[in-house]
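Next come two complexes built around chain A: one with chain B, the other with chain C.
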Partner chain A sequence: MFELLQQSLFSGLLVGSVYALVALGIALTFGAMKIINLAHGELVLLAAYMAYVIESRTGWNPYAAIPLAFAVTALVSIAIYLLIERIREHRELNSLILTFAIGVILTNAILLVFASDVRSTNSPLLQDAVSLGSVYAMNSELLAFVVSLLVMAGLWWWLRNSWYGRAVRAVSSNRDASMLMGIDPRRVELAAFIVAGILASVAGVALYTMSVVQPALGPALTVKAFVVTVLAGVGSIPGVFCAALLLGVTEAMTVTLASSALQELVGMVLFLLVLFFMPNGLFGARARRG
Partner chain B sequence: MLEVRGLRAGYGRINVLWDVSLQFPTGELTAIVGPNGAGKTTLFRALMGLVPHQGEILLDGRPIRGRTWDLLEAGVVMVPEGRMVFKDMSVAENLALGAYPQRCRQARARNLERVYALFPRLKERHRQLAGSLSGGEAQMVAMGRGMMSEPRILLIDEPSLGLAPVIVKEVFGIIRRLKAEGVTIGLIEQNTHIALSVADRMHLMRSGKVLLSQDAGSVDLDRLHDLYLARESGQVQA
Partner chain C sequence: MIRRTFLLSTLLATSLAVAAPALAEEIAIGAHMPLTGSLARSGQAFNEGMQVAIKVFNESQSKHKIKVTVIDDESQPAKAVTAVEKLNSDGAAAIIGGYGSNIVGPASDTSNRLGKVYITGGAVSDELVARGNTHFFRINNNAGYQRGVEGLMQELKPNGISIVASTREAPALLAKGLEESLTKLGFKVTLHPFDPAITDFKPIINKVKLQDKSEIIFMSAYENDYVGIIRAAKVLKPQVKAIVGAWSLATPKMYSDFPDLMQNVIGTTFLPFPVEVKDEEGKKFAAVYKEMFGKEIEYASTLAFVETMVLSEALARAADAGTLKSGGLLAEMKKTDRPSPLGRITFNAVGDNPNFALSMGQHRDGKIPLVSPAASATGKIAYPALPW
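Then we have the complex of A and B:
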């Protein structure tokens, strides 16, 4: 039993890193534009299907699909931004309806093109298990964890050191003041959507290599990202990372100790508990962006 | 020289400014005084393109497009009311953002040295979150951030708001110094006496109009106070 718990703790940590990437995409566009992109989960899913396309057509490693996945998610992300930008009244509320509808359209487009079968990688290399002391992991899980960490480190660097990254934080912090610095908020919002697209493309490809995907997965991913965001409180990257690992571990433990049917439910229970007892999130009071 | 002609601006259906025309002559400090709700802040916000407006804004005689970032590139910089520091960023990051306009990026390190020389306290606190600073320190961050934008024309809105007298003195010392360096300054200030002590020219605004424009040296204080407190109406040019 102890080995089993140890194993699920470890697997949960690995899958959690991908949840962090999904959540950071939503947090980034929310910070810059104060709108919630409900279609973000579908963006991730779209990237996962691009990995499937590349693997099934060429036999290459799914990670080779990242450029294609990025091109597709970036284009869709830009389109979502341009549509949101046209909303003049009650943008916060209307953008929810708009992005929800875009999510439905994307789900059905994926269903139409790729059918409802579940897809996952058939690369023996990625599916090989390696033993690390007393626990095991698939190569794909370890790779996803490392890639996620690298992407998060890159995002952290970008937000701190590049002019565009700083501008994203400035617009998130105080829009009027950011304009007085000479920042054009619309260009910054567009940049945030493109970077969210990059995060979604990596998360999608990683998800495809370590798990199974099917067309209806999008909303579940968006919900997980929400849970992570609420757990983390204020959107600091380390906070989101820890919260995502916590969600991953909780889900994995539930599957081990109870039943895989409860996996999605337990995330919501965690979500409610945190809202009840720590409405500012686990890291809300102290943690800050970046 | 920065000049506005027939400026009208407001929020939604409510008009705040009614055909305001005034000038900020090069190298001078132009003070704008007046009671709450006179439209002083709206004037600056309209000038910077943060509030929709009609009328002309001329920089050195040429009309400028009302986009905030174009103004910044042209060297028109505003230090807003209430400081508006980026609370969840460090002092150093706040100052770095002041150098966002393309023309200021190269000299960023040099300008930062200059700001730290003027405000040694900011250097001590450069890693501290701006949201945790005192009001006076936050005002220093806001002014330092403005200086990082290498202003030719600096619009400062209520720098003394909510500050202890000793800090106000310090802030106005810096304003004098900037003026001595040749920066054209527009200053909104509720405290008429302190405004007059640094100003070359003074405009009194009330109810969205300029009621009195005078050289700071020859201001009739009694008359100014009468107009300020709405005991008299009318427009006077001296």
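Then we have the complex of A and C:
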């Protein structure tokens, strides 16, 4: 039993790190603009397909696709922002409908271009098993975990130390006050959307290397990312990482101790419990009070 | 003389133009397929098979011309119901069903209520034939898949079988049926149902490795799940002797997409690869399919081809008898008794095809010989044999 639990914990942490990568982008735009980008899962998927294009056409390592994936997701992110920016009334609600529609369009565009076949990496290097004591993983999963840590650290540094990062936090705290301080919220929001695009591109490539992608995957990714964001609470990047790991481990433990058929249900129960008892999320309460 | 010849030619051309439509009576039918959404991969293969059947049938005779209108049901039951209603109001004489028991169920209920014959090759749930729908017909069923797997297990005699099954309707039903039947046959069976949203199968495979210690992993799932399960098994390397699966696994496409994962994996099929079609209809289907889509026939497209041919012939018989508009199609469907690339097709009282049975094929270096049952085998099974 101990061996089962060890592997379960390890697998949960690895899966959680990918949840974190997917969720960071949605958390950033939600934190900065109070806008839930329901097309974020499709952006991640778009990046995953860029990895497929690079690997299948050139035979290169899928991680070489990150620049292309970034270019594509950044362009789409800019387009999404420009459309959201045109909303004059009830921006938070109308942007939900708008980004949902963009998600549907992106899913169908991916289906038209790449067909409905399932895709995943064929790189033996990424798929090879590696053992750490009595637990096992694929190289791609360990790599994704490290990438996730680096991306989280980079984002945290950017938000704390760069002018744009601080401006994002200022707009997030009080849009009107930030304008009085000479910040153009539109530029800052656009920057947040582009950074979310970068995060989606890394998440998509990581997802392609360790899992299977298909055109219908986008909404499931968005839901997972949204659950993680709410669990974490607004404004906490390390919180997103911790919440994602918690969700990953909870799901994996459910599979081991009960049944895999229950893992999504248990994840949702955790989500509801946090919403009920800690409406500001696991890591957002102190920031909100402050 | 010239004027006379001109007049005669004009007269002949005019008569042919008037007579042509009378010779080829157009019969409109409808189809709903999941061309987008989560089942799009299967839906598109079904659509291709159906289009080939329409072409083959229309070219095989000159009396009737079948015209099909396809509506994308987006892999959603509600859209499928709307599609059936729309096709009926547009005058479709019959409906070709889509894919997935949860979609076909409500769609065929609607078709039955509207008095339209509904045929499918993409829904295997037993519940579909237990509803008493008089206008429902299908060419494949759960029992056929179950028989194929049971036969293989009886030949291999493993010490235990771990069934890893998606909780979607069709895979769950197959898994439950197999759990019962294999247990009755004396095998130790452990069922591991999983949520379709799962991406990491290592915790499940670890249970197979450390708790079940079975010699066979049987996967009742879909393509994306197969990849995840085999990858997890490749990482954890449980002491199994074979990996076996249900539909859409023993296909050349799976090998070409995931060659490192498919070697020695066994799945249900009815044709070996390279395709060795023995009957004339199958050869014609393979040739036209290659001409239209530039690839070899596959599992789902063959099911769609057969269901469409069966329906087209029944429509033609009813039209010949002058009973198409007075409900004659139903009687003609019930009279169906024909060979096909899937084997003999007849329908019992509840519209099911009792003759449906599948063989088991094994991926071997890009080829898929049939390895079970022994009577239809085209190659010897590699056992124990794994993808790693």
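The rule is short, and it goes like this: the second predicted complex is superposed on the first by the 276 of 290 C-alpha atoms of A that agree within 3 Å, B and C clash if a C-alpha of one lies under 4 Å from a C-alpha of the other, contacts with A are read in each partner's own complex, and residues count from 1 in each chain.
Note that a residue touches a chain if its C-beta (ideal position, glycine included) is under 8 Å from a C-beta of that chain, and two chains touch if they have at least 3 such contacts.
Note that the structure is predicted; figures quoted are calculated from it, not measured.
In the three-chain model built by superposing on chain A, chain B fits alongside chain C with no clash. In the superposed model, more residues of chain A are touched by C than by the other of chain B and chain C. Of the two partner chains, chain B is the only one that A:169 touches; chain C does not reach it.
Touch criterion met: A:179 reaches chain B, while chain C stays clear of it.
In the superposed pair of complexes, A:132 makes contact with neither chain B nor chain C.
When the two complexes are overlaid on their common chain A, residue A:211 makes contact with chain C while staying clear of chain B. When the shared chain is aligned, chain C comes close enough to touch A:11, but chain B does not.
Note on the superposed arrangement: chain B and chain C approach each other to a least C-alpha distance of 37 Å. Note: no residue of chain A belongs to the chain B contact set and to the chain C contact set alike, using the contact criterion stated above. Those residues of chain C that touch chain A in the shared complex are 36-38, 40-41, 43-44, 75, 167, 192-195, 197-200, 202-204, 206-207, 210-211, 223-224, 227-228, 231, 234-237, 253, 257-260. Residues of chain A touching chain C in their complex: 3-4, 7-8, 11, 14-15, 107-108, 111, 115-120, 122, 124, 127, 129, 136-138, 211-212, 214-216, 220, 252, 255-256, 259-265. Remark: chain B residues 48-50, 67-69, 72-73, 77-78, 80, 84-89, 93, 96-98, 100-101, 105, 129, 145, 149 touch chain A in the complex. Residues 160, 163, 166-167, 169-170, 173-174, 176-184, 234, 288-290 of chain A touch chain B in their complex.
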